[in-house]
Amino acid sequence: MTVTFLILAVITVAGTAAAMGLRNAVHCVLALTVGFAGVAAIYLQLDAQFVGLTQIMVYVGAVAILAVFAIMMTHTPLPAKPPTYSSFWLLGSVVAAAVFAVLAWAICSSAASTQGLPPEPEVSVQQIGDALMHQFVLPLEIMGLLLTAALIGAVVIAMDRREETK
Amino acid sequence: MTQALDQIFVLTKQWLLGFVPASAQPICSAILSVVPVLIGFPLLFAITTWLERKGLGRLQNRYGPNRTGPYGLFQPIADAIKSLTKEDIVPLTADHTVHFLAPVLLAAASFLGYAVLPIGRNMVLVNMNAGVLYFFAVGSVVELAVFMAGWSSRSKYSLLGAMRAIAQMISYEVPLVLASIVAIMQAGSLSTVAIVDKQAGYTGIWPHWFVFTPWGVVGFALFMIAATAESNRSPFDLPEGESEIIAGYYIEYSGFKFALFFLGEYLGMFATSGMAITLFLGGWSAPFSFLTWIPSYVWFFAKLLALIAGFIWIRGTLPRLRMDQLMSLAWEFILPMALLNMLDAGIWHFMPAGVLRWLVCTAIVAVPCVLLGQGLKRNKKFQVRTYQFAK
Amino acid sequence: MVGEGILKGLVETARNFFGSYVGKDRLTTVQYPEERLPQIEAARSFPFLVYDGPDWDKGMRCVACQICEKECPPKCILIKKSADKKPDAVGKPQFYPAVFNIDISVCMSCQICVEVCPFDAIKMDVDYDLSTDDRFGDLLLDKERLAKSNEYYNAIHPTEAAAVDAHFAEERAKAEAKAKAATEAKAAAEAKVAPAAQEQPVGGETQ
Amino acid sequence: MSSLQSYLLLSALLFSIGLAGALTRRNAILVLIGIELMLNSANLNFIAFWRYGPAPAKLTGIMFAIFSISVAAAEAAVGLAIILAAYRHSKTTDLDQMNSLKG
């Protein structure tokens, strides 16, 4: 466990915890981008350069922006601030804590997770491309289909129906 | 001698590194590489502000700045002093932390992109395997900084400007990446160094730059259009349209923070221009084989200045687009052309070299370009506007 | 062709760019402090007070009638009437302004004071380099700073000043004639009363 | 404590934070973001197992992560579109008030 990992882990956990705890929704999303960037840095630290950069591009560049846009578009100026947490927040936190306890227990007691770090694998972008185009070509095509469907679906759902009836 | 001059910066760095102990060498090497970039490009920014104001003036039959120093050369220094000594005003209801972080994040993100730009032979900060992807990933952080600036200012204008800027940047990021894919396809690598190396050869005196192919020239044109929009420059400067929303997302900033926004904007422009040079204009390689004795970094900066001059020329010429024109240009013209261009690059790759390849590949991009242009022209949106009362 | 208009525009601006280095007539900018555009005659900035003769205080045309003070829309004129009288340009004894202040930071250059002045005493200046670092003191012009000679007025607004001078000359001539007639009538009356009266000397032109 | 274990623990922690957010927040957008966070922690597991696994040259973990990121992006797009549609319908993104099927 290196110092780099420790710093990144602290940043990531702090960012995500702030994202789930802060009052202001926009602050939450901004904190979340810190968390996403931290995860991306951890990918880079794990020698998964391509995935790490994709993570930044997709999460920081697209998902976070999408989320702030959604927050802006659904903003209702209310005089009184509504409570941040749901009515059953206690139950939710207990469930989450329990899940973490179980997972941590499983991880710590597992024998498979105690092996050492293997030598750095030489993974170039070209290899990833080759794999995508040969071994994983069917998933890739399905993914393309899924993304197209999601694109059309998102547009259709979010479209304002009132304009059609005009 | 030529070799030494070409590698002078690399050799100097190695010579300097010889003075430090081996354990400190990695960090010293990083500092020695980063600091020139951190100094050089802001210096270029200062020069560019002067060039731009002089150039725009001449394009519009004006003098431009000519009061501070000979030919107004000290104008950037005067501007710097002014912006540094100005009062730093933060709106009362602004979100102070985010308001402070936005310009810092913007400037930092704008600097990050330079890590993968090969400025000269052996002169790249990080030879990353996924360099181009890194460049675009870092570029997408700028959008977040813009949003932070617009949202935290608590002003209608800045929020509208930020929304416009983000919508525009997201829309044009797609064509930007798609236009650059042709170069990546041909080079077979995402590494910027490999892409430049691929273009460094010569046939006779002519270089193997990607821009000298049918798909290359289309890709370059599309890339530059998208880069103009991505860096919020005229004619795509709707996010800061003075007549509508005054200055867009940085309206509530003053003094040094404003200067940081300005810096970030120009650094973004330089970075995308540098990427265009890397992808299509052969990076640091000389335009003719008999000119290779001139150091490689000179060629890089010459090309960079040429592209900046192009940006200034465009800015001095074209009026600002409307929002719907901006979006329809992105989605109805640039995006289909970029996709078609990818097909063209593929065909170029698999056809045997010769005149036929040239003809086929030119036809594949030229004919749809003309047809699409005609179709869009017939579309009301691109036609000359007529005014009822202004006649 | 697609982009034809853009190319045309680019050519035009390029022509501007190089042309501005060759043809100086393209550059319409005036390098202000060194060069100035010739001022047109009808130019106006802020009011000033005209005086005749060498002494500004004595020759002041203003008679402190305070019409301009009342008419001034932004109320930037302050006049305090004098207690005593002294002869005006025509020679008639008149009041004169003890205090005449114009706050040109308030003045809006409407020229209404000039329109209403029955004595042609207040006119519009053309001087526009009035910026100062003293916001209150230097922009509040008192009588002394407002007073400018009739020669200056003739220099900046020749046509207008000529008309005014002609009007004054006429007035003065009329006054002379009236005075002469009065003295002649008086003389005739005196002659009637005293037959051994001598000839009256004729008063010369004052100008 | 080995390195893989620390990555897995971090991933579990991220998952729990995401879960806690998804279960406790009232704002629908933040609930969606909590779900994104859970997907992210799964990705972190994939990458960690790929890096420490017996055959990193096979790239399976990386592929899984890439596809998972794409799915997450699609999910975010559709999810936010649904939230927008729901907002248009009920004029709120508060999940405690969006409790009626009739609307």
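As written, the chain order gives the labels A, B, C and D, with residue 1 at the start of each chain.
One rule holds in what follows: a residue touches a chain if its C-beta (ideal position, glycine included) is under 8 Å from a C-beta of that chain, and two chains touch if they have at least 3 such contacts.
In this text, all values refer to a predicted model and were calculated from it rather than measured experimentally.
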(request) Look at the interfaces A-D and A-B and say which one is made up of more C-beta pairs in contact. (result) A-D
(request) Average the CA atoms of each chain to get its centre, and name the chain whose centre is farthest from that of subunit D. (result) C
(request) Report the chain closest to the protein's overall CA mean, measuring from each chain's own CA mean. (result) B
(request) Please report how many Å separate the Cα centroid of subunit A from that of subunit D, as a whole number. (result) 5
(request) Averaged over CA atoms, how far is the centre of subunit C from the centre of subunit D? Could you give it in whole Å? (result) 81
(request) Quick one: report the Å distance separating subunit A from subunit B, using the average Cα coordinate of each chain. (result) 29
(message) Suppose each chain is reduced to the average of its Cα coordinates; what separation in Å results between subunit B and subunit C?
(response) 60
(request) Name the residues of subunit D that each touch 2 or more other chains. (result) none
(message) Can you list every residue of subunit A that touches 2 or more other chains, as numbers and ranges?
(response) 50, 54, 62, 69
(message) Edges wherever two chains touch, nodes for the chains themselves; is that graph a line, a ring, a star, complete, or other here?
(response) line
(message) Please list each pair of chains that are touching.
(response) A-B, A-D, B-C
(message) Quick check on the complex: what are the subunit B residues that touch subunit A?
(response) 95, 98, 128-130, 133-134, 136-138, 140-141, 143-144, 147-148, 151, 159, 163, 166, 170, 173, 188-191
(request) Would you mind writing out the residues of subunit D in touch with subunit A in their complex? (result) 1-10, 12-27, 29-30, 32-34, 36-37, 40, 43-44, 47-48, 50-54, 56-57, 59, 61-63, 65-67, 69-78, 80-85, 87-88, 91-96
(message) Applying the document's contact rule, which stretches of subunit B touch subunit C when the two form their complex?
(response) 55, 58-63, 313-314, 316-318, 369-370, 372-374, 376-377
(message) Could you list, by residue number, the parts of subunit A that touch subunit D in their complex?
(response) 1-2, 5, 9, 12-13, 16-17, 19-20, 25, 28-29, 32, 35-36, 39, 42-43, 46-48, 50-51, 54-55, 58-59, 62-63, 66-67, 69-71, 73-74, 76, 82-89, 91-93, 95-97, 99-100, 103-104, 107-108, 113-118, 121-123, 127-128, 131-132, 136, 139, 143, 146-147, 149-151, 153-155, 157-158, 160
(request) Would you mind writing out the residues of subunit A in touch with subunit B in their complex? (result) 26-27, 30, 33, 49-50, 53-54, 56-57, 60-62, 64-65, 68-69, 72, 124-126
